[in-house]
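Some notes on the structure that comes next.
The chains carry the letters A, B, C and D, assigned in the order they are written, with residues numbered from 1 in each.
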């Protein structure tokens, strides 16, 4: 209701502000008997954490997940998995300059309007730091899903667009470059561009594409909880996201039905996949793929005019260590949210028929 | 859980198959004391119903909403509003040709995989007929929202794109043309194109843009239930939708932060609105606007090869009366879903602060 | 949220007022593939319906359930099962005398305080007529549960208490007498007493005991959704219920642990069953049993002083056809609610472990 | 779904096992702007904590609540309030004797059946230690409810029953004796009896009665979420509870309607209160009162025969420090759960009417 839970059977609830003592979460509904690979969880956390490369924020946050419950001798017990991630690097003094200031295109103003009070330090609850909890939970969801393979990569940075279809790409390239672009040549261009933008004290938007493979047919719940509707909500709930499309997406609107329909092979597979692996909100067994649009980071390392809470014009300039472009670090977040959606539908589907 | 409910406080649950006796729904959580305008509800139903113009399906369905409860002497009582819409024009025999056939890019195959059984007549539960219930409920939500004004219009048909910003358009034009395009000249082009497509026995995709005005600041629930995330889910849950973007959307990914940030005026409004009226998932009082991508209708009036449930190749051809392009009739559905989202967040927000 | 839904996976939502056009409901989450026995559903409806014997209200309501969706050729399809039950015998004029009157110990006053408006005819939404929908849904839940056997019977009418343990009773006696008491001799006494009470224009309270057999171990969800907590809520949600106890119940409070503990046999069964088949909120495989307290019906066929909505003293007398004692007709309602609880936990439990 | 959340708008999710690193919870939906009294929270924790008197377990657990989020400068911010309570006194070695043993009338057996794995140390998730989180959250709920006064007291220990009506009692006596009985003379008897029972290495059951005063009319949601149904569920979810009754309760079943009906005064109050402050599931403004039955603690300080997980007979004896009777410490838990129910309905009710 108050918006801090996601999922129905496999349900994540998160809490925590950027500069409080800790952020954390509770995963309720993870079946008992799952032997956890903690190294794999840590690996996901490291893909999201600040300071991992030269093109992301240089903040140092170890982002170690401390599990408090729901796991016994390395195996899930069916009881809620509570966890916290300490905010080791709080440095609250850095944020006194925005205490009464509404940063442009941030949530400062809207939180104030909604709640009448806010923890201004580092954006408080609206900070993308919260997504660390999503990555932790998503890492467990991935382990639950086993054969289902979720792969995201950067497909756009500013005007640089990766035009290749995902089937033409070698996913093993993704983690080899700091941009997490699946195409090495494009990765170099993107990296160069991000560095240039950072030098300008500016930021830039980008795109992430995600492919989900080995999905069994039947996942997703009509009518309102269609698989792509939940994926869409999941992605749009990530900070800075402005759009979502799956399968043929926005380009599909320009096609005729005779071009767009995916014709069946005799085994139930299809000759094309404009559907993006989903028909009527339910997976059909083909690859699911979708793209997510991220706006440029709003915190700039240059002067901007804005207002304070008294409605007076003030000038401000970003301090501290911010990302010039979020998409490299958004890749594991997109995967985590996709994993949460899939895990939930996978469990739900056990009751679809007798 | 099973996907047939939408909303938390103002909650719609729908039921019904295309060719069962009736479809219907229950609206739970509508506050008591709302005097209903039944003519306004009927007007919304008429905007969605088949047969309303030469460019939509010529099926005749009166789509009269019969309210069974929750209303006393024209006023809501706070108890659940149950309603049914008779399926007057069932003609089930029309559908015997698809009984064992999986129509390309329909939900026949996936429903079979998920449930092991399906009501094949007219698509059963996967038919867009279900959206009539959404329009009925949305019409009540609109009345609850009073000053909040929700306006959708067709902004694309195939490759014909309405390039104008919504602020340049005269919304009073929308209902004057059968396409529901806000630009009269473009409307004529679109209408001509749809007729041409229909003659070919083909179909075409399109886009709907929606603008929500007079929204108070503070609506939307962080973190997972951001206002735009729920709007996105709501839109993606509509049949044939492939994408959603709000504010600067996919184009915003190409901008720099210094171009994209919306600078504040002293009154808290902003000089630009790339944010689309939402910051951090919460409305800021500016206009909310978003676009929705619809794929071309999958039922063609031409021969297509497909398979039956035994995996044998068969040939089929659409029969009956189908839409060559869904977007004209999708306009009231988009508005209805937006109204459901807004009504729910408006009620939820009453408990945001003491 | 607004209180008209019950269950999580197997979820019933009901709507309708006593004297509206119809009452009805939606069952969402019933798995596909359940072949329904409609005669069995009707039989349950007949156990609840008015006019079935000389000791219940003589109203005539056929209470036929009309299924509108979710069933195809007699088999559930996994889509929501919508149904309505017409209010054939509305006679609204009967209720004009209570339009502005608050009947003692009814919900007239509280509905007015809560909603500011109410459908006064026959109690509107607060009427026990609503329970017909529960019985219809419960009848389907029973069919889903197959081997799990749910049996309720009257165990008290006024001061007449059936002291025997359920294991001493012959359940086949229950439906042989109009009171639905499992002990024939006590049934005669109870029937005589109810008739006497009715002659006085008075009413009397009573008790229903319910036994659930063949329950697999493992049903119920700690911590808040313990099996007995949901059973308790289910029972307390039935009109006129004032108390719930399971296993040793209130008497168990007087025992010592050394008397109360159920010792294990080697097969995991226990030598006694003070636990009532539930340990830590989870079924242990033993019989579940509980008792439900019903207050006397508030509508009397004698003069009572009360107030109207202006706070003026008025005199009123029950008209129409009311039950002198609800427990005979409550028996199928108790069973239905127990079935809804069990069905939901049975489905939920499929995801307890890998 | 998985049972670890309670409430809809004001929602508590708890996690943690008795002997894990910490237990904790998340309160989502507490409105912003509530200035918290942390001393009052600590005072509630102290009422529940072990070692507080000679008649409760002598374990030492400081039970300090560490708030991690959702509070800024002492005031709630509307974002989720995450908290943990360290398990300072773990002593896991104490529990090796029950690793493979199913203790009689505990949840060991059922957890094993449900999950196939369990954290056996101190009962793991099934331990009443979890209720510390409820008391912490309830303490905040109480502060939200302000004028609504919730008072519980011990009304029975074994066969010792406090027969006086709550209106005859002086609530200021409750905290003056270690039993938390509102009647000083009875408190002495109860204390003596509990000490005797403890000497025997035995335990005994008891009763808690709770009174809620200054409740506005209108709280509670028909039909399934009646105020007393949620209170009943809340109480039955507390460890060791076997029964719940409100208002006239089980005794009310013996009355006639002419005796039981509460007649109205001209101001809408009633001359009697058999209703227990609730009509049709909605508060009427009168005092709400109910009683809760607790079974004797299952852990005895004497030898008992039981089985291990291989189905072999073994002998066991309780070790460590256990309560001979839970009711003195259950008093604040009953109040906390009542506060959670009331807070949720109070917030929900803001949307009952326009």
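By definition in this document, a contact is a pair of C-beta atoms (placed from the backbone, for glycine too) under 8 Å apart; a residue touches a chain by one contact, two chains touch by 3 or more.
Nothing here was measured: the structure is a model prediction, and the numbers come from that model.
Chemist: Of the pairs A-D, B-D or C-D, which has an interface that repeats that of B-C (more than half of the contact pairs shared)?
Modeler: A-D
Chemist: Could you let me know which interface, A-B or A-C, is made of more C-beta pairs in contact?
Modeler: Between A-C and A-B, the larger count of C-beta pairs in contact belongs to A-B.
Chemist: Would you mind checking which chain's C-alpha centre is most distant from the centre of chain D?
Modeler: B
Chemist: Roughly how many whole angstrom separate the Cα centroids of chain A and chain C?
Modeler: Roughly 46 Å separates the two chain centres.
Chemist: In angstrom, rounded to a whole number, how far apart do the mean CA points of chain A and chain D lie?
Modeler: Distance between chain centres: 39 Å.
Chemist: I'd like to verify one number: the distance from the centre of chain A to the centre of chain B, where each centre is the average of its C-alpha atoms, in whole angstrom.
Modeler: The answer is 26 Å.
Chemist: At which residue positions does chain A touch at least two other chains?
Modeler: 1-5, 8-9, 14, 29, 32-33, 78-79, 114-117, 125, 222, 352-353
Chemist: Using the touch definition from the top, list the residues of chain B that touch chain C in their complex.
Modeler: Contacts found on chain B: 1-5, 8-9, 11, 13-17, 20-26, 28-29, 32-33, 66, 68-70, 72, 75, 77-82, 84, 114-119, 124-125.
Chemist: Quick check: in the complex, which residue numbers of chain C touch chain A?
Modeler: Going by the criterion above, the answer is residues 1, 9, 29, 31-34, 78-79, 222, 347-348, 350-354.
Chemist: In the complex formed with chain B, which residues of chain A make contact?
Modeler: Spelled out, the residues of chain A in touch with chain B are 1-6, 8-9, 14, 102, 104-107, 109-111, 113-117, 125-126, 130, 156, 158-159, 197, 200, 202-207, 217-226, 228-230, 232-234, 236-237, 239, 242-250, 252-268, 270, 274-276, 278-285, 293-300, 302, 304-307, 311-313, 348-349, 352-353.
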